[in-house]
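Following this line, the structures themselves.
Heads up, the next two complexes both have chain A, just with different partners, chain B and then chain C.
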Partner chain A sequence: MSVRLQSPLSCYAIVLPSLVLLTTFVYLPVVWAFASSLYEFEIGADSHFVGLAHYGEYLGQDPTAFPSLANMLVLTLIAAIMRMSFPLIIARLIYALPTERWRYIYRIVFLVPIVVPGVAVQLIWADMIYSDFGLLNELLRGVGLSHWTRGWLADPQTALASIALIGFPFVGGFEVLIYYAGFSSIPESVNEASALDGCTGLQKFFRIDIPMVLSQLKLILILTLIGGIQGFENIFILTRGGPGFETTVPGLWMYFNAFSFQRMGYACAIGVLLFAIIFGLTLLNMKYFKSSEDLQGVR
Partner chain B sequence: MPISRKYLPLIAFLLLSVWLLWPPAEETTNAGASTKHPEQAQYVIKFAAGWAYLPDTHPFGIGKPLQGLKNVIRDFEARFPDTRIEVLTVPGVREYLVTQLGSGEAPDILNVNVENVWTDVQKGWYVPLDPFLEQANPFVVEQGDATKPGYKQWWDMFRYQAISRGKAAPDGLNYCLTFDMVETGIYYNKTLFAKLGLAVPETWEEFIAVMEKIQAHRRDDGTETVPLLVNIGAFNDWTTDLFFDQLYYDLLPGIDLVQDPTREPYLDGYLDWDELAFLHQKGFFSARDPRYREVWQKMRELKRYTNKNLMTDDLIREFVTQRGAMIWTASPMSYRLSGDKSLGFDWGVFYMPSFTRTTSPYASGQAMCVIGGAATQLEVSNSAIADTDPSLPMRERMAQSQRLKRVIEFLQFICLPENNAQIVNEYPALLPNIIGVETLPILQPFAEILDRRYTTTKWIFTFDLRFSEIQQRMLELYLTDGIDLDGFLHWQEQNLDAAVANMLKRKVPDMQRLEERWQALAPVRATMQDLPMEEPQL
Partner chain C sequence: MGGKKTWLIHAVLVFFSLLTLLPFVFTVNNVFRTNAEFYHAFFSVPNAFKQTLSIAGGALTGDDTPIEMADEEGLIRSLDKKQALRLSLTNATRGPRLAWKVIRPYMLNTLVVVSLTVIGVILLGSATAYILARYRFAGHRALFLFIISTMMFPGVLTLVPSFLLVKSLGLLNTYWAMVLPYIAAGQVFAIFVFKSYFDGLPEDLFESARIDGAGHLDIYWQIVLPLSKPILSVVAIMNILGTWNNFLWPFITNTEGKHHVVSSGLFVLSTTAHASNFSTLYAAYAISSIPLLVLFIYATKPFIRGVTSGAFKA
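Let's turn to the complex of A and B:
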């Protein structure tokens, strides 16, 4: 059965419910959060207007602000590098396999770990790898380096790096799949032309393949930035931001302020600042990071 | 569409797997204890009982499913056919509390550390229990024996009066029913102690010596044994209070400014939040206070003998696999160890040994005080008075609410010794707080600890949650050598300044009264050594 829309009005009518829901559940909370950030209030108590004081307090007085922003930057940067390199190489290697059957098998192999919940992954790393008698310390003891053993997540020298390195060897199935889709969409004529011109191996990878999957790299970069700036669940599970504020990120501090310290307005101000950072970085990304379509002059 | 034959083995395998993995009938869980349908009941009371007594669960995966609370609820419902008690499993976290109470959707009876309640009592989220505790327990009265505790006042039924009454909020009201007790102890590997020729330490110096010997010991495979397993929560909470008490006890005659007529007989010398705030303004609990410095220095000394990672390790595992010689934890561990048939060693319990003058010139010589106390802390939420007009004052709502009456009756019912024993003594984890209910033999060491004097204060529960969060973070950093003592004290002072300012803003205490008392005690303090220099008020 086919339905023919009689007028553009019908299209608007169909889109309207989604728009209303989007506005209600996405845009209005953002506006509400901004408005709330101008008030000092806690759930169940009176509130009063403080203007931009929370922003000033966070950026000017809160001793956690800049260390946590630096932690966020480091973690996001490492995540971006990892997610834009290792999965890309793996996807390219899979793409290069000679038969579709093996390409399929490898895609599945890399995709299956996606079903393991993130919380479980964090706990496995905390308990099996980083604990006092975990894999890492036992390995060091085994090779006679007992003096190097430590509480990896508790030691201020190693806590942030330990968090950043969770997920080794950094071959996420989602990224592999996205990059693989990008490689698969490279027109055969391009591959043939490059082969005829003698462009093979690493030269082809850097000169042909990567430019052709820039859209995918751009997507992964944006998702990594958003996840890196907003995310704090893994840190909450592993270290709660400690020791001290060595692994605290702004999102975690926002959470503590909202639900533990009952400073909802202050938490909203941190949230709005994070929103502004993400928005700004996304704009920069859109403006300066060319996609493969841009390079081909499609737009 | 017929199923292809090639899938039959797969289907058979899946069915077999399901059959093999099907839980035994006796382990079928049912969080709700009631057999009554909600539509039959006029009052459906939601009870967040907490982990310890949740019907049909197996604490530590040991023994038969719990039935005690379920049976008592069944008896109560038989007595009150218009009532259904629904036992809920709810997260014991503040996020849950805040959102549920704010929306009026919280269970009628909560089980949460009452210190988390204090922050919000002014919002009308909780019902003060004093008017009920000061009245007779009607179920005791109907038994007709005027000599029984509870005949005159419900309060009289509680064995640990100091701890139970000490749960009063800073506004002087009691929002908490202390249902049972818990205490900490150091569980030790008796077999290892015997092998190394170690005795249970009685002083701090002996304790350090024991830990040094354990640290020097190597197991058969050449690996080391951690002397003491402990987590950062224990450092932040228990250790702080114990060490503080050891070093400040002798100062109490000169700094205990308020003697609350209701609580003083039970909480001799306890320093409340307003006293701590005032003393901090006078320079106490700062880098200039030598006793305060000593508290944290001693803690770092202790850290040398503990596990490296204070945050995330499964310490029980390390103890039962004998990678740790001692573990500092609470009484439910006794049940875990006694139920472990494959445990390859004998175990015992002792309490943290006290400081001597060798340990510190400020040591009082007192035995380490009680820091545990109330375990299951039951609070009645605003949901229990939901049948009244929210615009009315709390007292009027309490007087009018029929639902609250039934909630209180349920709490009174579970405090009857015969009911309390069914619940608390179903397995040995927590100690009964009701007179007439015996403590199970395996928990006797903890009962002896609980007979000691109560702590001078409970630091992390005194101020807001921000204070305790920052203290724990910076303490962990300090203990893992990420910051030196002066750096830590700088943070701690800032933290305390902010907490005190926040508390003064929210509660507006009568600081003039404290100042007058402070002046009156000046001659007493004149005889004391090494007091911090006074600072101008905030």
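Let's turn to the complex of A and C:
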């Protein structure tokens, strides 16, 4: 259904702006990242080749490396569990409502918080929920547990958990919409057949509904894993990795090395290592998981 | 489907809706409260509201005893009903007015960055997708691979070198430091979505235009763009959401702080002296949500489609 051109000059001309931008602002930084991870340099100072020394330093000597990888793992796994449970149940409940009108209303209600800038959400939790006179401490005082009150993000014992639990009850509008689309695309014949066989309630949920939205669950899983490995903005806003290094993750450490310690080459090496993990996950995803093109219902 | 069961589902959904929206309800409440109110009574309704209501109520019942109130300078003055009402309204809206003063330049910067980005992404994305969808030529497949491969490079890999790049291009502290990389990265998703849309359009449309002697640009302006209106709003909203929420990049590239957008501006605000006045802070959070809320109300359906189309990114 398309035209074969012999002299495609005009086509090249039209795609040229796209290509120039991609080459300059995507491919060049990618090459630059790999190259400069092999150099020790500061802005304005001389640089010299150090080979793979930065990788060795990060994996062998950097005291933050493994604790921060562990933090990353914990935060990512908690996020994955939350985003694959609560929104799934909510989407299933919305799908069970008899009228389309109410289904639409609830989908919108859960989607509305998306209009609040992500930075504002983090700051609201830090200032209003977790602060000394915030919601959590006030609730504890209210029920006579004032000895439990604390600065939740400042206490080494609770900082990481507090970050992980931001967004409670985790019913993100995006996830609800994705799962809802999955449930909606279950053929009516499947529902009827299961009803005839007396498969209802929880049994139907686990035996039929969940297998039918498996591709959506995998999609959210892979998005959460990739987001969790490279994400550090929220931690930068909330705790800057503290107290101590309790909430530091590798991405944040990369940021500090580049923009606070002026160790650009070292920062690039950390970035390349994180890319390697993400790339590995992407390959696994392509090999063992269905591609997202199978997500017909999402459209 | 029994009615009882439906009510139970409604109860659970309402409970979770409230829990989800609760932080935002408290945020709006705190917009109108002083620090003292925040510290001493987390759950209370704003005093300024209670006061305004009681003064207004008094005025309605014809009670005209003067009211003693602290003015802007903290002096206690005896005021008549009209003055008192005005003063208590002034007190109630102090936070939002101050916050607006601080974030107005951030809002304008965001408007510039978001508009330039979304226009660039739509124009480049649709033009390139049109060529890829409707023509076959030498290097066609390589071109598509070149574009689509960029999706596998995560932001964490390119963050530091991208900063070094815009720095050496002399773009730090300009709108272009944000707009150009945003268009470069944002167009990929747009090309992907546009291409799959254009693939489905009937060839007759283009065929007859070509027979009439229309060039690429004529076809693009007169056929492709008008036809892609439904998908255009989806791509646009998805792009606006992304640009709007990007905090780190504007924060890094605005070393002089003059081109902050709302996201980075809010963070900066939270680290300045303004942050010690909670009312201002919460007002800033609330005001910064209004533009997207308006967009959401105005275009709910494309918004929902836009958000779910993010699934293609994986």
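Here, the second predicted complex is superposed on the first by the 257 of 299 C-alpha atoms of A that agree within 3 Å, B and C clash if a C-alpha of one lies under 4 Å from a C-alpha of the other, contacts with A are read in each partner's own complex, and residues count from 1 in each chain.
Going forward, a residue touches a chain if its C-beta (ideal position, glycine included) is under 8 Å from a C-beta of that chain, and two chains touch if they have at least 3 such contacts.
Being a predicted model, the structure only gives us computed values, none of them experimental.
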{"item": "Partner chain(s) touched by A:Phe259 [first = chain B, second = chain C, both, neither]", "value": "both"}
{"item": "Contacts of A:Phe183 with chain B and chain C, given as first, second, both or neither", "value": "neither"}
{"item": "Chain B versus chain C as contact partner of A:Asp127, first or second or both or neither", "value": "both"}
{"item": "Partner chain in contact with A:Ser10 - chain B first, chain C second, else both or neither", "value": "second"}
{"item": "First, second, both or neither for A:Tyr39, with chain B first and chain C second", "value": "neither"}
{"item": "Touching partner for A:Ile90 - first (chain B), second (chain C), both, neither", "value": "second"}
{"item": "Contact breadth on chain A, by residue count: chain C or chain B", "value": "C"}
{"item": "Contacts of A:Tyr58 with chain B and chain C, given as first, second, both or neither", "value": "neither"}
{"item": "Those residues of chain A which chain B touches in one complex and chain C touches in the other", "value": "43, 127, 133, 259"}
{"item": "Touching residues (chain side chain C, partner chain A) in the complex", "value": "1, 6, 9-10, 12-13, 16-17, 19-21, 23-24, 26-27, 30, 38-39, 42-43, 124-125, 127-128, 130-139, 143, 146-147, 150, 152-165, 167, 180-181, 183-185, 187-188, 191, 199, 203, 206, 210, 215-216, 220, 241, 244-245, 247-248, 252, 262-264, 266-267, 270, 278, 281-282, 284-285, 288-289, 292-293, 295-296, 300, 303-304, 307-314"}
{"item": "Complex interface listing, chain A residues touching chain B", "value": "43-45, 63, 126-127, 130-133, 141, 146, 149-157, 238-246, 248, 256, 259-262"}
{"item": "Contact footprint of chain C on chain A as seen in their complex", "value": "1-5, 8, 10-11, 14-15, 17-19, 21-22, 24-30, 32-33, 36, 43, 86, 90, 93-94, 96-98, 102, 106-121, 123-125, 127-129, 133-135, 138, 168-169, 171, 173-174, 177-178, 181, 219, 222-223, 226, 229-230, 233, 236-237, 251, 254-255, 258-259, 264, 267-268, 271-272, 274-275, 278-279, 282, 285, 292, 295, 298-299"}
{"item": "Residues on chain B engaged by chain A in the complex (per definition of touch)", "value": "94-95, 98-99, 101-102, 119-120, 122-123, 125, 223-224, 226, 232, 307-314, 318, 323, 464-466, 469, 472-474, 476-477, 479-483, 494"}
